[in-house]
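So, here come the structures, one by one.
One chain, subunit A, appears in both complexes that follow, with subunit B as partner in the first and subunit C in the second.
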Partner chain A sequence: MSGGLFLQSLILGVLLGGLYALMAAGLTLYFGVMRVVMIAHAAFLVLAGYLAWFFTTRTGLDPILSLAVTVPAFFVLGVGIRRLLITRLKPATMTMMSVLLTFALALVIEGLLGFTFTGVQRRIRTGYSSANFEIFGAQVAVVKLIAFVLAVVALGSLWFVLKKTSLGQALRATIQHREAAELVGIDTDKVAGYGFGIGLATAAVGGTALALDATIYPSLHWHWIGPMMAIIVVGGLGSIPGAAMAAMALGIIHAFLQVPLGATWAQTVFYVALFGTLMVRPQGFFGGRLAQRF
Partner chain B sequence: MSRRRQVGTRRTTVACATLGCAALALAACGDGDAESGDDTIEIGISLPLTGDFSEPGEGVRRGYELWAEMVNEEGGLLGRRVELNILDDQSNADRVVADYEALISQDEVDLVFGPFSSRLVLASARVVDEYGMLFVEPAGASEEIFEAGYDNLFYAAPAVADDHYNYLFDYIMEMPEEERPDSVAYASMDDPLAQGTAYGLKDKLEEAGIETVADEVYPPNTTEFSGIAAQLAEADADLLVGGTQYQDAVNLIVAVQQLDYQPRMAAFSTAPTLPEFSEALGDDVEGILAPTGYSAAADYPTNAEFVERIAERYDGRIPSEDEANAFTTGQVVQAAVEAVGCAEQGECQQKLIDWLHENTVDTVVGPLSWDEAGRPDSAHFIQQHVDGEPEIVLPEDQATADFIDVKPEW
Partner chain C sequence: MASESPPNLLELDRIEAGYGHAALVLRGLTITVPRSTIVCLVGPNGAGKSTVLKVASGMLHPRGGTVRLDGHDVTRHGPQQRLRAGLAHVLQGHSVFPEMTVGENVRLGAYTVPDRATVATRVQFVQHLFPVVSEQWDVLAGLLSGGQQKQVEFARSLMIDPKVVLLDEPSMGLDPKATATVFEQIERMRDTGTAVLLVEQNARRALQTADIGCVLDLGRVHMSGPAPELLDDPELSQLYLGGHVAG
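This part shows the complex of A and B:
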């Protein structure tokens, strides 16, 4: 591999890793707060992508502006979904049954998207779709950088909420030990609802970032849910910093493996990492045991 | 989790209502519930209306539906009303097999038409062959299909995948040595049709001594092309050849643009022949080459009427290769049915097959005849986007614009 290609692959890996981190953040948050495996997370990403595309084609404005509507809407939707659907599941079988429930949710979203927007692949066209600038001989795509910045801002805000606000403190307490949190007066039910809402709000940002630089179609979410699940397992279920680091590492490895292995085999890196983690360190590589996270 | 969508059309009823057609067809409208009785010919089709191939799949559907509408306006096939029974296979090779199995054995359709794309034709051809039915298909150009040796299969287009770029190859060879591209990069979907076109050209160029500097293959569901683009940019070939369908070509081109790789010539299969292509990429399509089995401007009998009817029915749309090849499929089957005088399962199918092996059919893509394995024996036009419009540039006697030797930057 030449020096130029090495640097180019590294830049692409970092930019993609940031996007993967944002897309996986919500997924690990749901699990942390409520032990819910949210298969429909990727479908919500695609839904957000469609809303951004629809917004841009209708108004002609920049797709990022659609976040002003989709982020609060997804938050409310998340709180609603938890309140109306997730809480109906028995706590003892929550994790397993949530897979079935959210699988159904994913199918419903896919079906509605297909019904509303047809199966045609859509792509957002912006003035900066193909813009780039050079850095040490490697090219940086403006649109990928924007997606990366969106990811950094969203994850930074998430970190700020979790670490610096009383809601964040309550969320972390709920993640660490639900009963103990209740004993000190935290309304864990309400907090978990907000946690779910925040998770879905990250999907609004992630989906918009994704749609900035790729075609979207209703069944696209099946393509993403696998790698995202692998990322949160490698990162340690429930750990947002873990998911971010795993996403970055796998994004970079993926970019580098494409050179010798080609696109077909390089994508197996996520699953190889998943199996490897489950065999060697089932609790994940980053973030430690669930009770000590954040 | 049945996600199958039945999209079977009762097109005649609509056609009758809106066009107020002749007494014969009115009689057919009258008895309403006729499914596949003696007065109808039911044609079974499975198409990728959702998933990877939904874009071209819809095009094929438009072509089939227009053909059926036009046949019914003329009083049907052998005096029987044509009904299409279209299932959605979701671009899935397992599903397409199940679809044809169901259409032939359960729905007992009288005839079948092929699905879109080699990958799905390859999967379905075996089933259709087992039932001994005539299988004319609009989009299975890859060599694998013909090598399987089905004698019931006919490809309703001018040329097989390997030969799509023949005119371009000849043109490159005739260029003065200093202008001729001396390195080529290939990026191709792991799909028989897409790869067949790119590798057909690759084999010929390599034999002629033009160096291959990159050869990337990606899975059909790929949407992230930056890694592949990085390697193409690194190789910096004079000619970039994409063995593409639709969305992969658009994503690949944008990814290549982002890395500022500017090849002197660029050729992609399928995508540039679709009107959606320039909608997605805007001015950046200028100079992009593509093989196409169809030209709306070509002077073949029935072509002008076909172009006019597509525009009328679909909002001013200019027909693409998908609509044209689907329509051609209809024309080929129609010619055989009318010549032989039957359309049902059983012995009739072999008669139709035998007739097509011995005759030439006039279609919107020109006169077609086939070899033993169903390979058509004509060649593809080469299309190029000139001043934002897809124009035919090769062969020169059919050209509607001059070939742009050095592609403007994208």
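This part shows the complex of A and C:
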């Protein structure tokens, strides 16, 4: 591998890793606050991508501006889904039943997308869609950089909310010890709802970022849910920093493998990592303490 | 002299409670905890001691009976409302937030206290009381030893300056020095008017500190009275305190 190609792969890997980290962040939140495995998360990513595409083709404005609508809408949708659907599941079987429930949700979203927008592949076109820039001699697509910046901003905001706000403290307390959180006066039910809403709001940003650089179609989410699940298991279920580090590591490996193996085979890195993790260290590599309790 | 506020800070009146569809754990249990009093609840494993505290703090809603806090019926209130009314509950086992620092844990104890100056004063107070809290302030609570975590939990519960404190086996896993600190605190709280409902596995030690003892069996208070009398009761000693009274 030449020096130029190496650098190109590394940059590509970091940019992809950032995007993966954002796409997986929501999954760790759902699991953290509710023990819910949200199979429909990727479908919501695709939904957000469609909404961005629709917004741009209708208004001619930049797709990123659609976030002003989709982020709050997804937050409210998340709060609603938890209240109306998830809370109906029994706590004892929550994790298992949530897989079935959200699987159905994913099918519904896929069906609605197909019904509304047909199965035709769509792609967002902007003035910068095919632009490249050069960094250290490597050519990188501008949209990839924008997606990465979106991811960094979204994850930074998420970090800020979780670490520096009172809601974030309450959310982390609820994740770490629900009964104790209740006993210091946190309304854990409300907080869990917000946690779900924030998780879905990250899907709005992640889906829009993804759609900047990818062709979208209703069944695209099946392509993404596997890698995202792999990321959160490798990172340690429920750990956002863990998911981010796993996403970065797998993003970089993925980018490097694309050169010799091609896109399809490179994808297997996620499954290899998933199986490897389950065999060697089922609690994940970064989420240690918290994940061990489940 | 007629007092404005009722003498009993906490009253559990003919409580019936259980989990889900399983059989009742508490069957018509009545306990009152007066102001400036330590009531100690003893009983075998699984007798329902922790359940009593859960009903008192609102974590478990009873199927029958009434819970009164400072004279007000709070049976339908959740834990937050009871906390605001001055009730603190330290759970059995470990209940720190493990991925947060000791400081964050203690400050969360004052989640419902809006005044920053009050919070700052109480932080200083608990830091002074439990050296481990100030020494390990920036350390993740999950990394502390079991006994240190227990002290953090106790410190956290003191942040609301509670009127009623429910303690579920507070000395479990503590070394003699930390146990002494906890018991000293319990006595200090009693002396400043707080009502304490204490569950202890170390029943003999607890009854030496407590004013009133209650023996829980088959979901009811099987026997209750002044703690020194219970300590001297031969039957009780045999059954629940493990062994005979000395002398």
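The working rule: the second predicted complex is superposed on the first by the 290 of 294 C-alpha atoms of A that agree within 3 Å, B and C clash if a C-alpha of one lies under 4 Å from a C-alpha of the other, contacts with A are read in each partner's own complex, and residues count from 1 in each chain.
Everything that follows uses one rule, which is that contacts are C-beta pairs under 8 Å (C-beta built on N, C-alpha and C of every residue); 3 or more make two chains touch, one makes a residue touch a chain.
Here the structure is a predicted model, which means the values were calculated and not measured.
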item: Subunit C versus subunit B, contacts on subunit A by residue; value: B
item: Contacts of A:Val184 with subunit B and subunit C, given as first, second, both or neither; value: second
item: Touching partner for A:Leu220 - first (subunit B), second (subunit C), both, neither; value: first
item: Partner chain(s) touched by A:Ala173 [first = subunit B, second = subunit C, both, neither]; value: second
item: Subunit B versus subunit C as contact partner of A:Ser9, first or second or both or neither; value: first
item: Touched partner set for A:Ala263, first subunit B, second subunit C, both or neither; value: first
item: Which of subunit B and subunit C A:Ala141 touches, first, second, both or neither; value: first
item: Partner chain in contact with A:Pro282 - subunit B first, subunit C second, else both or neither; value: neither
item: Complex interface listing, subunit A residues touching subunit C; value: 166, 169-170, 172-173, 176-177, 179-187, 289-290
item: Interface residues, subunit A side, partner subunit B - complex; value: 2, 4-5, 8-9, 12, 16, 107, 111, 114, 118-121, 123, 125, 129-132, 134, 139, 141-144, 213-215, 217-220, 223, 254-255, 258-259, 262-264, 266-267
item: Parts of subunit C lying in touch with subunit A, wherever the complex brings them together; value: 57, 59, 79-80, 83-84, 88-89, 91, 95-100, 104, 108-109, 111-112, 142, 153, 156, 160
item: Touching residues (chain side subunit B, partner subunit A) in the complex; value: 1, 3, 49-51, 54-55, 58, 90, 190, 216-219, 221-224, 226-228, 230-231, 233-234, 246-247, 250-251, 254-255, 257-260, 276, 280, 282, 284, 410
